[in-house]
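One structure is given below, represented as structure tokens, and several questions about it will come after.
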Amino acid sequence: MLGRSSKAAKVAEELSHYGGVRGRSLARDALQRFLSNKAAIFCVFFLAAIVLFVLFGPALAKWNNEEIDWAVLGDIAAQGMPSVQSGHYFGTDELGRDLYSRTIQATGTSLMVGLIGTAMALVVGTTWGVTAGYLGGRVDSIMMRIVDILYSVPITLVVILILVVAGRSFTTLFIALGSVSWLTMSRIVRAQTLALKNREFIEAARAGGVSELMIVVRHIIPNLLGVLIVYASLLVPDLIFAESFISFLGLGISEPYTSLGALISEGAGTMGYGTLWQLLVPLFFYVSITFTMFFIGDGLRDALDPKDR
Amino acid sequence: MLAYTIRRLAGSIPTILVLIVASFFLMRLAPGGPFTSERPLPPEVLANIEARYGLDQPLWKQLWDYLLNIILRFDFGPSLVFKDRDVSDIISQGLPITLTYGLLTFVVATVVGVSLGVYAAMHHNTWVDYLAVSLGIFAQSLPNFIMGPVLILIFTLWLGWLPGGGWNGGQWPYLIMPVIALSTSYIGSITRITRSAMLEVLNSNYVRTARAKGLSERSIIWRHTLKPTLLPVVSYLGPVFVYVVTGSVFVDIYFSTGGLGQYFVSAALTRDYSVLLGITILYGVLTVIVNLLTDLAYAWLDPKIRL
Amino acid sequence: MVYVMHSTRKIANPVMSVFTIENLRVTFDTTDGVVEAVKDISLNVAEGECLGIVGESGSGKSQTFLAALGLLAVNGSASGSVRLCGQEILNASRIDLNQLRGNDVGMIFQDPLTALTPHLRIGQQMAEVLKAHRGMSNRQSRQLCLAWLDRVRIPDAAARLKQYPHELSGGMRQRVMIAMAMLCEPKLLIADEPTTALDVTVQADILDLMSEMQHQHGTAIALVTHDMGVVARLCDRVQVMRSGECVERGSVEQIFAASQNAYTRSLLEAMPRLDSELNRSSFKAGAAKQVLDVQDIKIDFAVKSSGGLFARRTLLRAVDGVSFDLHEGETLGIVGESGCGKSTLARAVLQLLKTTSGNVAWLGTNLQQLDKQALKAARRDMQIVFQDPFASLDPRMTIADSIAEPLRTYRSELSRREIRQCVGDMMQRVGLEPQLINRYPHELSGGQNQRVGIARAMINRPRMIVCDEAVSALDVSVQAQIMDLLKDLQAEYGLSMLFISHDLSVVGEMSDRIMVIYMGRVVELGRSEVICQHPGHPYTQALISAVPIPDPRVERNRERIRLAGELPSAIDPDSAFRFLPSRLSAKVIGDPPQLQQVGEGHFVAEHDPVDSLLA
């Protein structure tokens, strides 16, 4: 208690002693610009609502995602419609399972894929790109050659190959998506690092005796953040697309777990039989998520890179 | 320009070789194969089959033969599942179909996207511009597997105007929906790329010079801004090609067009490695070629790169 | 307001005015609100006259003319009156303006590389002007284009028509711009900082060319510039602008000799002058200790040259056998035009890049042989200040963090408070107010940022600093302040200084000795006043005669020394013999020119007689 208060007192003293005006950092400026972008802010709230729905929606569910409602199974088109009374708020699927619970589970999967895949891409892509760009020379050519080769194979097909080879499972899917999603990121990071490396403030740091590692940590990475945030936010919908695409083809994660792609695929298969909600519900969620993500990413780019408007 | 082309071509050969070798090992090292079924085959039968497909040879020998066959005879070996079909047969049957609607998609996405983008940029900060940007983002979030069902729902089930699938020699009613389904999302992204590139060019010093010379707006747009505006679009075409190739898998299955994608998925489900390998390599080679072409187009647009 | 404007228009103008601006006001609608760039500007340009509009950055001088011709950015708007030959043109329709622009009014801009369309050939860009205004076909216009390229003295004009802008040198591009602007023989030529991006010798050529246009073709010129020297050379009348307003107007003689305005006078006083008597250095090299000894440094860069099937790597020798020394408390000026290798040399001295051969010794120890740790220790004594104050500061760090960085590297024993204390003291020393401590570079002006850069360089009390074009990007008045600051700090800390610049008048004012570099080789080295007043080498002579002196009486009576021919390529091995062609043409390629002592501490590279090298 005592230690803390003396520390606090010291901080307070320092603050009052050097009571200069707080500067507006680039990050604060960017945040200000982002906050004034009404469409993007609306999308942030919309996306937050979807996330909250995924987190707390199950509390309202009357059925879980595996149970089959035998009462409606015979006549889905008439009995499995969305209704509050039956407890199937979004109706049921072809097998009489509750679409509400299944949609929540599927949306969760999609969001997880987007987030975890992007996190992997950030870690691997940044490390790869910064290393290649900063070291330059032969290391750079070899590392970027590898990226080029991986790039020349359609990535989603590679993921399918990996799933085929290693077997279909949740973990494999994450690893497969993560192992190819970093390619674009590494290219962007490398290009940025190359540009930064020749800036005078890096030279100034070097002339000031700062070690190469510290230059990367203190000067290169912080200056990459803006670009990283923008491309990460645009990568999320890309990954959600890839996962849904694979699931649509029936090559993604397996039952009883499902994903938006698989639900859309099922819905598309039955839309001729008067059960249109089976298509429209997952479709609405998919389009909402990717649309808001793209809009947010766009807003972030405008905010962080004001010249590119 | 010729020297540049040859140099770029030579540079892509190692890429293709590494691609072949890597996919080859990925497939061969995979646990399980088309002959691993629920009921284990007697060892002698398995040995027999493996001998027939050359699977008993040392790995490097298999790779060498495989490479030689591809290079000398464009032969990817026999399918492991369809007993009497070669991978090359499957390719020569499926590829023309995929290429037809693939190229059409490519052209539609580029032409529509670029026109919309240029139009939006010319009307910067008007409602046309805002509409184009919002629609662009919306279109971007409508991938093929969303567009496909929606199109069929509207045009086949409700309106009954277009056939719900099939190929029929590539007649246009059979082409419309696959092409729209594949291109919508890229029309969106190309529109946005074009728009922001165009805006940057319109703010450049040389456009100011062109205005100061008293040139008409039309000649400024066509002569001075179009080429530099296309630069970022051209570098995006490589990725678009990859997406179209990927999307063809969906189209071939959903619209039953009979293209390569259909074989790719069925091979993936049955672990027909030679077909998977063949199609992957083919797609890889095509991508390398497209990237080469986009590089050449880039060099044509930008005299600073022309060598 | 409206009727006043109408009534003024009816009164016949006593002077034949080609171009008149009255009460022009330009505003920009930005996210931070409406910004007024030009407030109530009036000016007129008479037939065949050259009017200079002088001002520092942000004075609204360029926007005035862009607004007049309807070339403002979309968020800008203008009000007032602009008349070309009596006809109102402000905010006229695009179609009406297009008939004037390029036809009655020609414009040239600051940066000729970005001002020309990169993907169109020179010929195409010129021909389209004639097509738009004269309806000429490409074939008809070709003759006229060729004639104009000849008139602006572009050699081999027919071949140039087929080239792209990036294939020409900066000076060539600006000549093309002038030829293009003159194609329709406009009544008025607006030149917006036409020589700012160019080397002095090229600048002198371009100014001569513009003066020729004015006198031979009777073209009126409106010259927008920040450089009083350029005004002194070219203009008949001057109008001085400051933050969107006109502070003084008058004839050139009047303004330079007897300015009534304090701001104008401060601008004139801030201009460093090559012929100034103050440049005499009081430094005695013999008494001071030698700190830096550079011997025969050579630096090669591998350049990828393409064409042919295989990419080849050619060696470009950026620095070719440079030797010099520096004494304690002395300033050595290094001067040369762009691409001569002066910045490369500076970085080699600080071991920021590898030398191909040669020695750099600091206080007797050879820096090239030191290991990482020892080099880090040695670097504490040697610091650098860069050209671009924004680019040399990390945009994500507060300026205090930037200044403190060398402290954190070398004096890790200091507590946070002590660091803050040090930073605060240093900020005060370089003239930064203490409340700026938490600011970021983008919130400060160029001059303030350069002070931050200097504070960072000085915080560890180095014994030598390298100033690489440290004042070149700044406005004249700020430039003078920073030069004074550097001189003060030098006197206070006994610093040695390498002062690198392309601007001979700045170097002349700062340095005790001057080293002139041409294509990676030293052509002359000597005491500052000797170099400025009695240069020995033809290149130095040409350079000095090209630097405009901000005094019209002196400037217009000086004789230009113009060298024959173009700059050779740096890859060309013969480039070393540029001033010694006799040794080259004798078919016996002998030793490259050596420095020869001609006076006390005055060295001049061997060269052919000056007369044989002139144009």
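First chain written, first letter: the chains are A, B and C, and each begins at residue 1.
One rule holds for everything that comes next: a residue touches a chain if its C-beta (ideal position, glycine included) is under 8 Å from a C-beta of that chain, and two chains touch if they have at least 3 such contacts.
The model shown is predicted, which means the values in this text are computed figures rather than measured ones.
If touching chains are joined by edges, the resulting network of the protein chains shown connects every chain directly with every other. Farthest from chain A in terms of Cα centroid separation is C. Centroid to centroid, with C-alpha atoms defining each point, chain A and chain C lie 48 Å apart. Inter-chain spacing, taken between the CA centroids of chain A and chain B, is 24 Å. Residue ranges on chain B touching chain C, taken from their complex, read 3-4, 6-7, 124-125, 203-206, 208-217, 219, 223-224, 227-228, 301-304, 307.
Interface of chain C with chain B (complex): residues 66, 69, 71, 73-74, 94, 97-103, 106-107, 109, 111, 114-120, 124, 128-129, 132-133, 164, 166, 177, 180, 306-311. On chain A, the positions that touch chain C within their shared complex are 14, 18-27, 199-201, 203-211, 218-219, 222-223, 225. Listing the residues of chain B that touch chain A in their complex gives 15-16, 18-19, 22-23, 26-27, 29-31, 134, 137-138, 140-146, 148-150, 152-153, 157, 196, 199-200, 242-243, 245-246, 249-250, 253-254, 264-265, 268-269, 271, 276, 280, 283-284, 287-288, 291.
Chain C meets chain A in the complex at residues 347, 350, 352, 376, 379-380, 382-384, 386-388, 391-396, 398, 402, 405-406, 409-410, 417, 420, 424, 434-440, 442-443, 453, 456.
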